[in-house]
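By written order: A, B and C. Residues from 1 in each chain.
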Amino acid sequence: MIASASQKSPIVARGLVRHFGDVKAVDGVDLEVHAGEIFGFLGPNGAGKSTTVRMLTTLLKPTAGTATVAGFDVVKQADSVRRSIGVALQDAAIDPLMTGNELLELQSVLYGIPAGSVRQRADELLERVGLTAAADRRVGTYSGGMRRRLDLALSLIHQPTVLFLDEPTTGLDPMSRITLWEEVRRLNSEGTTVLLTTQYLEEADQLADRVAIIDHGVIVQQGTPTELKAAVGAPTLLITVSASQAEQATSTLSRFGELRPTAEGSLGVGLVGGARQVTDVVRALDEAGVSVHHLELNEPSLDDVFAEATGHRLEGAGASSSNDDDVSPAAEDGSEPTRGRRGRRRSR
Amino acid sequence: MTTIVNSAGPSRPVSGGSFDHTSAPGGTVLRSSAGLAIRGLRSIRRLPSAFIPALMMPIVQAIAFSGTFFAITKIPGFPTDRSINWYLPLACCMGAGFSGIGIGFSTIRDLETGFFDRLRMAPTPTASLILGPLFGAWIRMMIVVTSVLAVGFAIGARLTGGVLGIVNLYIAGFGVATVASGWALGLAYRLKDMRAAALMQLTFFNAIFLTNAQAPLFVMSGWLHTIARVNPFTNILRLARTGFLGTVTWDDTWGGLVAIAGMGAAAMYFAWRGLRELGN
Amino acid sequence: MTATITTGAAARSPHAADGSRVFLRQTWAMSKRSILAIARQPALVAPSLIFPLFFAALGASSFSKATNLPGFPKVDSFLSFALAGSIVQGVLFGSVTGGAALAIDIEDGFFDRLLASPTSRVGILLGRLAGAAAFGAFQALFFTLVLIPFGVRIASGPVGLAVIVASGGITGIAIGGFTAALALKTGSSEAVQGSFPLLFVAMFFSSAFFPRQTMQGVYRRIADLNPISYLVEGIRGLIVDGFDTVYVAQAIVVPIAIGVASIALALRMLSSRLAAR
């Protein structure tokens, strides 16, 4: 019975909660990852992504709630869960004193790979991630991208059905990132279910079949990227004006649609009438005496989804600490209670 | 949990995939422990700066103590006329203890870098995460004790208790290494950072010196005599010294064996509990 | 020596008297900083106060019967005998901490900031060593006062105690000079900390823990050559025997001689560090 349920959804979490003292790192997460999909878990630093993954991978016990992975309970059947999953953790925690080969051998031993097939398996994996030439070098000499690829190889030693990747490309250069994405796609096409956490919108957009957005320990949106973007609807018109004219510009823009949260220094509006309305906006701004320094029209992105759901932007979130409270006109106009504001209230 | 269900099979058709999904059988205690012990030994060669002090310290201690306190053998009733015979087993036990503390240090490093998470996620029995490092500590202990013994004999130590005396010394070495390993691992799992390193060194150092380390019980006076009499490490040192102070007797042996069994089991339990609670 | 060491603002001052006043002020500021650093980080210096007492207590219980051995000086108790060794041991511990603090200044760039200011270069070093002197003197007094309730008597009286405290201070400078030289040479606090076992071994091969007269062979010859033996015996004489100019000379002259050598070495390391910039 368990097996048949897990064939549909190898990762299921119900009301997962984790407190650290008074801090609610994860505050009631419900998740269902379908077999054979890449599931993106998107959120800023400290949103609760890693804590959720640590609970799903048996490293951390939940304060409340339940979760099954590959059909096994993560608390009561931790050992069976471990046999079925592969995990590449954030920061690619690898002993720098060991060589790639030695690490693969140790991993084989720990996972009970028969001694006779260790060598073959290690060689295959090294080739797969392009590290054959570096296999006998100490990991301390590897580049960031090489470490991540070795980390991935280590997590695949027992050919797991479910793969967890915790921020697999954080800190990587664009080339290494694309190489890793290709490998994840390939694994997925071979039938591996992947749960991937990321703080990069592009990564979730590129890789994930479905996405869950987490903020302050709560999932605030869930669906396929296409569905989520369609729900946002109108494209976003972004303009930059001088600070003294911001108020004037805001009131002009609000005539064309709902104001949207933006990065500090610019203003955004969801253009209900689409691209055709841009000229009207420009004319209206001109009539209001507002001079526009910069203007761009963006199709809905996951960032818009994120912004609508949480009331703040994910991209450039680190750049301004005031993002959260100030640059959120949509949340202040009071015309329509958004899902995001509910989410924020719940989480605070 | 003996049935392993190869559950979450691919739901979409797989074409040309080279992956045959399986559930890992999981490592056995012995094989996993051996794998981890080998890893520990490699670090001796690759990070000698961490091991060489642990090797040199007991050697220097053996020389320094027996040279400085050369005259104590002249105290009436002292059990040997060679100060090195008195201090060599002490130095061996110190070295054995620091072999155990050394694996505590490397466990702290693994916890800090996150490598330990990888070990914890492996489908291998919890015991192997403790036994692996313990085996590593035993091998380190063998290297250290053998080196200290060699230097000790070179500067004039004389074996009076025969092969049995040497066996007893190594048993004491295993015992001290086990106790120190369990204590060090337990502290590492609980504190997870370098505070544990300071604490494990300090406590072990105190435990081994609050004994008959420097002088026999009958020579001592006051508070130290009271503590040393009840400190189980006194029994272990007595066991370690049997080969160097006359002949080996059962009276001098059994107390040490009991102390090793008791403290070793307690220390291992302390480590095991700490490891179990890492996920909470 | 490739670089010359100028005294910064002092060297540029038109009036020598003003110059030396500036120099003294800067040195005092540096001293104050290193003394405050000690007072504000008790956890860092606690081992240098606790360990020597622990060893003294261990020795007193373990070796109380050893005081009757041939070659052992006539003492009331082993504790009286051990005090001198504890003082030197504590100062040694403390000097390593001081040297490591200098190395940390170098590691985190604070040292460069000092060098970039018109502060006297020698003042930077002397300020450090003044801190070591103050702490060394404090340790000598601290160990003595702690052990007095346990029956230790200073046979040479208050004047002798003053000499002992002064000796602690000068020894602080002497050993501090070596650790400062090491810090300047390596720029690594780890390397300075790593020198501790070496200094500890140097202490063991002396009469710090047991009288030289009871040792034998090569070990005895090394202890005979080790200046630490004479320093400790000077202080010990003042504690167990009474006031004697020979003891005073040993307690004061030996660390001064070591200090001259170590400060010269530290200045040399300072100038090569400056030349390498």
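One rule holds in what follows: a residue touches a chain if its C-beta (ideal position, glycine included) is under 8 Å from a C-beta of that chain, and two chains touch if they have at least 3 such contacts.
Predicted model only: the values in this text are computed from it and were never measured.
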Can you tell me, using the touch rule above, whether these chains form a line, ring, star, complete graph or other shape? line
Determine which two chains are connected by the greatest number of contacting C-beta pairs. A-B
Could you state the distance in Å from the CA-based centre of chain A to that of chain B? 44
What whole-number Å value describes the gap between the mean CA coordinates of chain A and chain C? 57
Please work out the Cα centroid separation of chain B and chain C, and write it as a whole number of Å. 35
In chain C, what residues contact two or more other chains? none
Sites on chain B touched by chain A in the complex: 1, 4-12, 14, 17-28, 31-32, 34-36, 38-39, 42-43, 46-47, 110, 113-124, 128, 279-280
Listed in rising order, chain C residues that touch chain B in their complex are 54, 57-66, 69-72, 197, 201, 204-205, 209-210, 214-216, 219
Along chain B, where are the residues that touch chain C in the complex? 53, 56-57, 60, 64-65, 67-72, 74-75, 206, 209-210, 213-215, 219-225
Partner chain B, residues of chain A touching it in the complex: 2-3, 6-8, 10, 34-36, 54, 57-61, 70-72, 77, 79-80, 82-85, 87, 89-91, 93-95, 97-98, 102, 105-107, 109-114, 124, 138, 154, 157-162, 187, 189-193
